[in-house]
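In order of appearance the chains are A, B, C, D, E and F, and numbering begins at 1 in each one.
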């Protein structure tokens, strides 16, 4: 019984956790998350976790603050309940985008949350496609950093003719990620170079690289409101692109995103299920790939002390 | 300019902070709290804080998770912006109620939040009437713990005839607080003793002490939904109380509270402004006492190195 | 052999530790505690503890400072001797009473000692009936917090007629504990409300609740000099109590306690053996209940990763 | 005298530190760095630093390990000599390039060094143009992160005709930096997209963007052996570039760099003096811009509590 | 008022602290150290210490555990009372003798206490003649390490004819200290080489070096029971010494020490007042040199940011 | 497979690690240490270490800074690769000599390195013959401190006639070590007492103890340049010694050491292989004893949870 594997889900990731558990042939741990009348959260672990190897799955989706607090309180409850080792499994680590000081006197919140996870009791972190690879270094606990880029690339290879395709980064910061994606598919890349003209105006982005007559795949780590995707499609079409697809790991699709994407001039949209979404049926050209097999395999390997890296060889 | 005093307000306490600043003759620091499309919070301190002695005011009111995250991110932004000393001013520390393990495998979240405040950069904490005095000991940074009990007691002395009054605790856990309140007014006390009869039923509370024919003052640290107040009035009236008042430091008044209290058989309700509320006009018998003078005096004394304790001598 | 269970006793708790070991069918670990000529303590662990699961039993009884230092030095010796996990077993954590700032510029020493236990090497703490439940939150390591209240309550149920009994708290701060005790026995409760009249005089306490003609049980977490018990018996008898008993978890019984209690108007005195006492034979109406079975069961469950909470279901 | 400003230089940055001191009108602090016969380093601070605001200047140049150890030992000596505040000034933080896990089981050494600086006693860090902006988040102490990009951009504006110029990133990872540089000059950008064809061969990079007939400026954070610059010039010339310049913040110029660059088909080379180099006279088309004014201004502002950010408005 | 200097004394060092204060022209801070009936200590700082530069004087003399606990609790009280900086002044750090593992599974308690001082709130330590110089490195806070060796050496120079004198170490471990003492006086040294012959017997020590016909000065860091001094005098006389003196920094003189030394064949005994002793009048040939001037000067210099090292130039 | 033992060698100790592995019947772990063009080190662990019990062997030999950085980076790589427990095996911990403040404003670097090892991820340390026993206390992780003194003593017993031998310490600081060595061989000891005569001259050392007509063995913890050995031989011969040997644990033999020792008037030189040396063939009278059996036995016992101390009983 000792050191046995247990997986708990917080509210943002019940579906994904259930799928992971199903693949591993275990049932999710019993946990109750409730709210006091003064809006304080309360978490109770409802089964013995002493000396267990425990994993808590929680994506940082809307409402983000509640979901982070749920996770932190759950970690603390597990620690004081004497779990042997606690891994925070965060398929979508939203604050990874707050990873640098691009304005004075702001917080590098991706680092702050990393520190708070440790304060709350996380011994390890398992996550996927952080906004920048460097965010890995924000954690002082060991991190296993999975990627769904191969999964999405294989989807494109299986469903589309690649010979006329070009992968596009929506800004210079995404060039590296798109380089990795396009290299895997053996297709060229382009980037949209956006810049400020003066204090009040942002110049319409220029396409760096060749897209005329090509089928473009906009590739991102996440799609939130869809605004960037829309303006990018516009720029690319203006620059002569024949058709447009979009691929992203984290399909946040918040606010007006579904509405926007439904009306956009897009052949297909591909995301994964790191984020639970209810509205996706309204997007007929949306494909949601599951990352549960990846997470299940990683958890099994972490638990048994086998290499996780080999999953990506 | 060095070591100058600066006060910032997060969203939960803009009103109280403005009042504190006004008393101190300074303007609140400029700060912008916004939200990215993926629901991540973003805080920017909009003026130089290097080497300043900074205070951030934020009560943990609904939405609690957002307000806690706002405070943590603000603290982190201030620290990395090189503030000289940072004091988290938390008039209402809601999680103080999660101060013990009264069920298996829960989190003592009051301690967790205390640790997270330190992780985020708080050098000190200034707070008021924590649910239990012991919560003071959860912090590893110095805490100044103010109390509004004298303020509320003086209000009763000024507005009511005390000779027939009895202060009442709504359960055994509140006896100590009510003892302190009643001692200050020189009136007797009673407590309502609630207990489980068996697994499914909670016995209607017994009044321990004498309330027949008396004017009772139910005294609490906080009123949230008003349910406890209502059932207590009921028990006390059944036990022969002539009239009922209620006093509490933190007037959370969430959910159905205003509706309930308006219809309750209560002579008067007294709270402070540690919590901002919009609905209070609907409660004609509500008096809201301001704690701004106390906080202003405490901040001034912390800043200048004078004793804070003398405020309560 | 690895991860095997080992129990060591420091000087304050050799008897209790021997009883715990006996129940678990193991012999106490060999340890030598001595004193250099300059009054420095020296602790030597006299058998191999590498990779063992080690428990050190030590109550904070007189001389408290020596007993705390003994424990700290023992923890440090075990850590540097490569014990796999170290649990400080502290049946009586005396400093739990220093749990709040009830005067300016004092130390919340219960928190300080909690931090020092961690500094010295404790990975966990196992303790019993802390003065306030909140003290649990002072520890940053996992704590198992046992209670002897059911044990003492069962003793009263077995030996006394309950129908005329009332449980009494000696001050408002103890109301919660007495509530728990009286609820378990299904008897009413009362509290003694003591307060200052002015700067120089403390008013003789008032009894809140009904004790006239009843058999009262004063219930406390600890009895030290017996002064509070004596004055409480006096107040209760004056208020008409028919007979008086006293129950407490920690029978510290220091200074004039034995003398006082022998001469007091008390039917019976019930404590546990969290504190070793030599003088108890002189108290004919004293019953000392053993907590060794509780500690033995808890240690066994911590060691094997089973739930400790179920001991109290 | 208290809190007075003092600047010390370790061996890698004596020249730059002297220039900074000269601008601030102070003399460098006396420090002796020597070596024991067993190759251990020894650092002695040779003047009183109690309660001083101390800055230690040291770039991580060859021999890097010695220079890092020198800095760590100096920080420790200053701390134990009771300096009031210690800022590690690291113009060239070489390990910033080890900022992610791009291979299994490697160290994110940029984070490790950040932690070691704190362990050794650094209260703050002042650095320049870290390889990735995210490395800022590796530090748990406040960091002021200067940039020489405006300085280098102004040099190009002053000395070259911009109308036909294109800024080029040597790989996708540098796109963001080049975007910033080109935006400041109002010129277009391009990137060289290098990728593996198979396990043994790296495909000759493709130029993404338009360079035919243009004057290209390769822009990098650092030039070490010059290999990347050389191969990039080759690719760009093949793609039709008319002329080539190179700009970089950190002119490491190690190994065969000087030789290579002298023979390369380059109009001009621009670096700063974050790295001390002796060989630069051999590069007639090299311009070395001084960053001493930036560091001097930043130190002055950190010392006096004024905004550092305004230096870049 | 801010950052003003305040000195508090705990019970072991009230006399020395008063002398230090007198030299500095300030009065000792008001502090109350008392004991609860359960033998718990209670410390209350009885004046405002916010933003003060505070020093607490306490030697680790008998009862050592109580004196250490007093100091730790005082440090904690000062920290939570918002002292600006806290220096633990420990003239005699008794546990410095527990500085190594000379037996299996013991504690290096000198390191443990150093860590606990930091845990309790000490920002700095000021101490004198630690048993080994290396103990300095056990502290993670800055330490000023004074020495009374020059003071004692000057006493010998002033009162004795040096030409025939030899300084003697009572074992090999003390050779370095005696080397320093004898070098200052310009006299030769000798050491007593004690060793085990077999498991049960310790061989009578051999004198290494020349003492025949000489006046020997046994020099130690501390004298506790006097046993070592006595046996050393015996050995030296047997080896032909003409007369014997003894000098030591810490005159612990516990247990039978006074009785022994009075009857010993000693010309003179010289110690300092790092330890308070009542019995010294019974030793007519004892000279107690005061270290108050050294401590006063060190505190003044630490407070004002001047070099402490120059006191020993 | 879990918790299996793995041993890695960094560059300074490949030979010794291979010998240790050979004795344990395992092969050394695969690790690649390389250098980027900017002189940054890069370490890659080339096999899975999850949940393994890992030992890294690295002596701090020339180039010391590189070897320390190699070890720190390796520890960090192992930690983030999820090793279960990491032991830094440092046969020669060169900085142990920087163990005290014998000059103002220097670093106690032995403590700094101890802290950095922990920061980098070492859970334990295994080392040999630290310059002073107290250095053990600088580490906050458990340390196993081996000694080669018995090994060297046995060598002398086996190869030399002891009856006329005297062990000699080259200064007072080494007296304790020599005492231990000579006691094991049952021979007398002497020390060389060196001291400053005035500010500019160091007096030629005096021999304390009897060496005339004896065979002396100079015993040290390390021999670096051989200067001390040479001057000591000179002093001892002048004082009448018949022949001279030298024994030391750490045969650093750097700079002119081999040349010097070859020409010195020495019968024999005995060191161990904690330091790898190439030049030793040039010293015909050098015997290098292997410590591999000791390290192998210690590692095996640490891994399996058996006592290491018994190796020295």
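One rule holds in what follows: a residue touches a chain if its C-beta (ideal position, glycine included) is under 8 Å from a C-beta of that chain, and two chains touch if they have at least 3 such contacts.
This is a predicted model, so every value here is computed, not measured.
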Chains touching both chain A and chain D, listed by label: B, F
Chains contacting each of chain E and chain F, listed by label: C, D
Chain whose Cα centroid lies at the greatest distance from that of chain C: D
Same vs different contact residues, chain C with chain E, by half of numbers used: same
Relative to chain E, chain with the most remote C-alpha centre: A
Of B-E and D-F, whichever chain pair has more C-beta contact pairs: D-F
Length of the line joining the C-alpha centres of chain C and chain F, rounded to whole Å: 50
Interchain centroid distance [CA atoms averaged], chain A/chain B, Å: 38
For chain C paired with chain D, centre-to-centre distance based on mean C-alpha positions, whole Å: 61
Junction residues of chain B - those touching two or more other chains: 80-81, 101, 104-105, 108, 115, 307
Chains grouped in pairs wherever the two touch, ordered by label: A-B, A-C, A-D, A-F, B-C, B-D, B-E, C-E, C-F, D-E, D-F, E-F
Parts of chain B lying in touch with chain A, wherever the complex brings them together: 36-46, 49, 61-66, 68-69, 72-74, 76-78, 80-81, 94-95, 97-98, 101, 103-109, 112, 115-116, 119-120, 222, 224-225, 227, 252, 254-255
Complex contact set, residues of chain C against chain F: 1-2, 48, 50-52, 79-82, 84
Chain F - residues contacting chain C, complex: 124, 142-143, 301-302, 304-308
Of chain E, residues touching chain F in the complex: 99-102, 104-105, 108, 110-111, 115, 132-138, 140, 145, 169, 171-173, 175-176, 178-179, 182-183, 188-191, 193, 195-196, 206, 208-209, 307, 309
